[in-house]
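Quick heads-up: structures coming right below.
Look at the two complexes coming up: chain A is in both, with chain B in one and chain C in the other.
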Partner chain A sequence: MSAGNRLTASSPAGSIYDLGYRHYEGKRHGRWYAAWSLYVESLRGVWGFGRPMSAKAAPFILAGLYSFFAFLQLAFSSTLASEISSGQQVQLFAYDSYFTTFSLLLVLFCVAQAPEVVCRDQRYQVLSLYFTRAIGRADYALARVASLSTALFLALIVPMIALFVGDVLMKPDTISAIGDELPKALPAIPADLLIAASMASISLALSSYSPRRAYSAIGLIAYFLLMEAVPAIIYAVANHGGWSSADKLVLLTPITSLTGATDWFFGKALTSDYPATLGPAAYVLACLVSVGVFSAILLFRYRRIAA
Partner chain B sequence: MALIETASLTKNYGTVKALDRLDLQVEPGIIGLVGANGAGKSTLIKILLGLVPPSSGRASVLGLDVADETREIRKVVGYMPENDCLPPDVGATEFVTHMARISGLPRTAARERTAEVLRHVGLYEERYRQIGGYSTGMKQRVKLAQALAHDPKLLLLDEPTNGLDPTGRDEMLDLIKRTGTDFGISVVVASHLLGEIEQVCTFLLAVDAGHLLKAAPISTFTQRTPVLAVEVEEGADRLTAALTGRGFKARQEDQCVLLVLESETLYDAVRDTVADLALPLVRVQQERRRLEDIFREPEQGLEPAAGGAQ
Partner chain C sequence: MTGPLVAFPEIVRLTLRQQLGRRRTLLLVLLAALPPLLALVYRAFGEVDVSGFTDSVFEPVSLTIVLPLATVLFGTGAFGAENDEGTILYLLAKPISRWVIVAAKAFAAVALSLVLTVASVLVAGAIEVVPAGSDGVSATEAYVGAMVVGSLCYVTLFLTLSLFTRRALVLGIGYSLVWEGALSSLLPGIANLSVRQYALGAADSFYQLHTEAARLSPTTALTLSAILIVVALALATWRLMRFELSGSTD
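Take a look at the complex of A and B:
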């Protein structure tokens, strides 16, 4: 009875349905939580989650195409296995050459999705909301790089897993096959991490300089095409003319350097397309430097940008 | 503790002085920040948020210094910018939840707060639709909701009624008033429309060209400038002349005569004069836009640019 009275006294009838405005008394996290939240949201955004269906098309089609051939090999692994056991030579996709073969699709992935990650907030002036909150400008930029890197890493690692499963299934003894295949497959993890970080930092740094998606995408295409072709051409001509230090120019190419670095992780010798004077380790270094330089460009951009 | 304090706050953009040695001391409440476009309202708000560094001078919000304790300030302040700031391809719920999390609220708390503030600003079924399909009024509500999501102690609203139709404007002003009075959150409303400020605010800051024109509780304005508007269909000029002749301060504005309401005899005088001149009278009303007089006619019993801060 008394409890009932207290209830009525402290809560008038209408308040059950309208609680009114309640202040938030709970926990408030700081900048790291904010950066983590942005990272998660951004990663979802790259894949189009929480956005309309049309936003999912580009990332899933491009990443799907990139994985397609690995899954094709997985699907036919039993057929291939019988061909191998009957002594036939079968051309297979391998961990160390998969990126080299299909890198164009990942470049297109960057061209499509990097502007999505950084242009949108500039175009619709959402930055003024971010930069008046717990998150810092550097936190913002780094969370964006981390999210695109993760998205690229996922796109890169899925076909590797498919190849691994396929290779294991092709062998009669599964347990020993895993033991055989794992050392061959594992270098794909650090190699793909480097590829993801390098491509993400390059494409975000360049995209962040325009609020318009289209301009950013064109800029990225131009960068990847020109930086791939021009140093290689200069090297070819200069090498012919006897300019010995022209080989360093090849280190400026984004994708060629990355495939060179991949060879270092897999312990492979570089093909004859590369200058003989530089070992694979030089390309790893070049890619690490590119991650640093382009991240710095991105940070510089967000330090100056008006919110 | 003072809500906002500034000491000789100055901001230069090149040779343009956006703020010129501004001294302020403002107590919690609903504060109207009035001034023409380019008077320095947005600049002041951006300095208080730490978005723009001041050229010289100091400023503090809720006792926190804007230069040294920016992060602490941002935790307890909500900001609604003047411009559009919403991505079109997400729903309001998703966006406001995300912004609440960026402000540091845990996931479940962010969801709950989002549902609550969206209900408060009056977005219901639409809240799952993409923001790109919203009307201007709904977008303004989402902007207000994201500023309220983390339950700030102070809301900084930059031209919250921009682009709204009269109904939308009244609803937005009502929301602001409720936020200030029912929720107990201090609000700074920047606007160039004095009529709006007058409807909702308890305290008024008038700035012009980076200077503080006036800072005082709104009641002191209404006490000092009671104006009676007399609208006639024709002959406003004759009415003005007749009333001026009888010793009243009168000014004609279109078909309206504005009179300074200093004594009760004015009502009788207006009645008699209108009757004598046989003018078609439309309305006699205490003028609602009377605050505009502080910009237009400082000689009408108002102190011009009186002594800075109170």
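Take a look at the complex of A and C:
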């Protein structure tokens, strides 16, 4: 390696580690590689890989419960197929309503795992070690969000795949069944991407404000419960009292907005629980804005935090 | 004052001071201010609706969110702060009976949670439902009763839990969310083991709740809560008599 590439005590990137006794002569991968490594390691951390078994319990139990019902339907698909062909009414889980039905489990997943991702670095005061490396404050925050989003996306997409396989197996002709089912299933991918990004940015932005995992978990629960309940209550009263723009309040809810956005991706009409004045597209917009706002809060937090 | 209770007021004062200076207590006050604010919103739109306000604010906000969060933080915080900072050693090294320590800690935590939750319900009730007449008064009384029974049971339960595990905060909130929230709608038998149902049962003696809300009769609810409080305090005392210091693991 040429002398010009060497990082020594006088060059900025090596200023702390190279004390002049022994130089590092190998390749330096730089900022993007460091951010990528942080992303991969935190993704493993969310699922508890590289940690003791007790760290794997919460993510696997919650994500497992979330996809359990889809796998149940897959396991009994042949029984269900014979019941359907004999003309019986069978209540099946569908791609467009699965998240709506079981969203509480994913909220609990976020509550359990988001503090794991961001709190410990603050509690043990190791952020300065990250920030003296090639990685910047924004890179750190974005890598963490990306890893929790990916973990949530995996948890979301697994039951969709199980439902898809089950639905295909229920039909007599596999090839034409794939052709039938694929257009119905594909909107799940962008919908789940939006759900994952939104839930991950909300959870990390809020939990990064406490170094203690337990307190940030409580704060997250309080946020999700209150923001679901309060706008709905105010909307109900205000709508009755004749304030016509109260319907916008429903856009503040985290989970209800996401289920409304899911309906837009699947081209479904909203149920009567939603205000009739807003179309599903408004919820997609609200969710995109919430991803932006909470990512900005997270970036702001990490720009100001004392490392 | 002489006898075993001489240290009681001092421990109460100590615990109150530990809890009141914290940021999370301030956040809890903001949380408790929510039902009165919602009551103001109701009034602003000219709604005086006793059963509507009971069903959409008292039950889902006061009883489901404010009460469990306040009690879990005060209940686990009573010993939690001393445990984290290691000062519990100095408390236990004093010649004070362990049951006095438990009773004083529980008294302080219950008092804090009562002040917060009862005030929240009273103010919200006074703004929104009391003007509606005697029906509104009894609805407010019902939820004040629920807050009293709920605070007593939850705080002693979570205080005891915090002496047995370091994850009491998360376990406590998981209990109220998963066990009392999601599971009890699937398995009605859980009502006998749910503080939420004890509180609703107590409320039912003042005000006729809708049928699926209170599953236990007032007598059953009060008996079961008395048993819960006594057993929890006894367990906490027993645990404190065999206390071992452990390293802090968050």
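As a convention for this text, the second predicted complex is superposed on the first by the 283 of 307 C-alpha atoms of A that agree within 3 Å, B and C clash if a C-alpha of one lies under 4 Å from a C-alpha of the other, contacts with A are read in each partner's own complex, and residues count from 1 in each chain.
Rule of thumb we're sticking to: a residue touches a chain if its C-beta (ideal position, glycine included) is under 8 Å from a C-beta of that chain, and two chains touch if they have at least 3 such contacts.
Being a predicted model, the structure only gives us computed values, none of them experimental.
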Touched partner set for A:I218, first chain B, second chain C, both or neither: second
Chain B versus chain C as contact partner of A:A134, first or second or both or neither: first
Which superposed partner A:A57 touches (first chain B, second chain C, both, neither): neither
Contacts of A:V90 with chain B and chain C, given as first, second, both or neither: neither
Superposed model, chain A: greater residue contact from chain B or chain C: B
First, second, both or neither for A:G26, with chain B first and chain C second: first
Partner chain in contact with A:A75 - chain B first, chain C second, else both or neither: neither
Contacts of A:V230 with chain B and chain C, given as first, second, both or neither: second
First, second, both or neither for A:A281, with chain B first and chain C second: neither
On chain A, positions contacted by chain B and by chain C: 120
In the complex with chain A, residue positions of chain B that touch it: 49-51, 71, 74-75, 77, 79, 81, 83-90, 94, 98-99, 101-106, 109, 113, 116, 120, 130, 146, 150-151, 182-184
Complex contact set, residues of chain C against chain A: 24, 27, 31, 34, 38, 41-42, 44-47, 56-57, 60-61, 64-65, 69, 72-73, 167, 169-170, 173, 177-178, 182, 250
Chain A residues touching chain B - in the complex, by the definition given at the top: 20-24, 26-31, 33-34, 37-38, 41, 50-52, 55, 120-121, 124-126, 128-135, 307
Chain C partner contacts - residues on chain A that touch it in the complex: 104, 108, 112, 120, 123, 212-215, 217-219, 221-222, 225-226, 229-230, 233-234, 236-238, 240-243
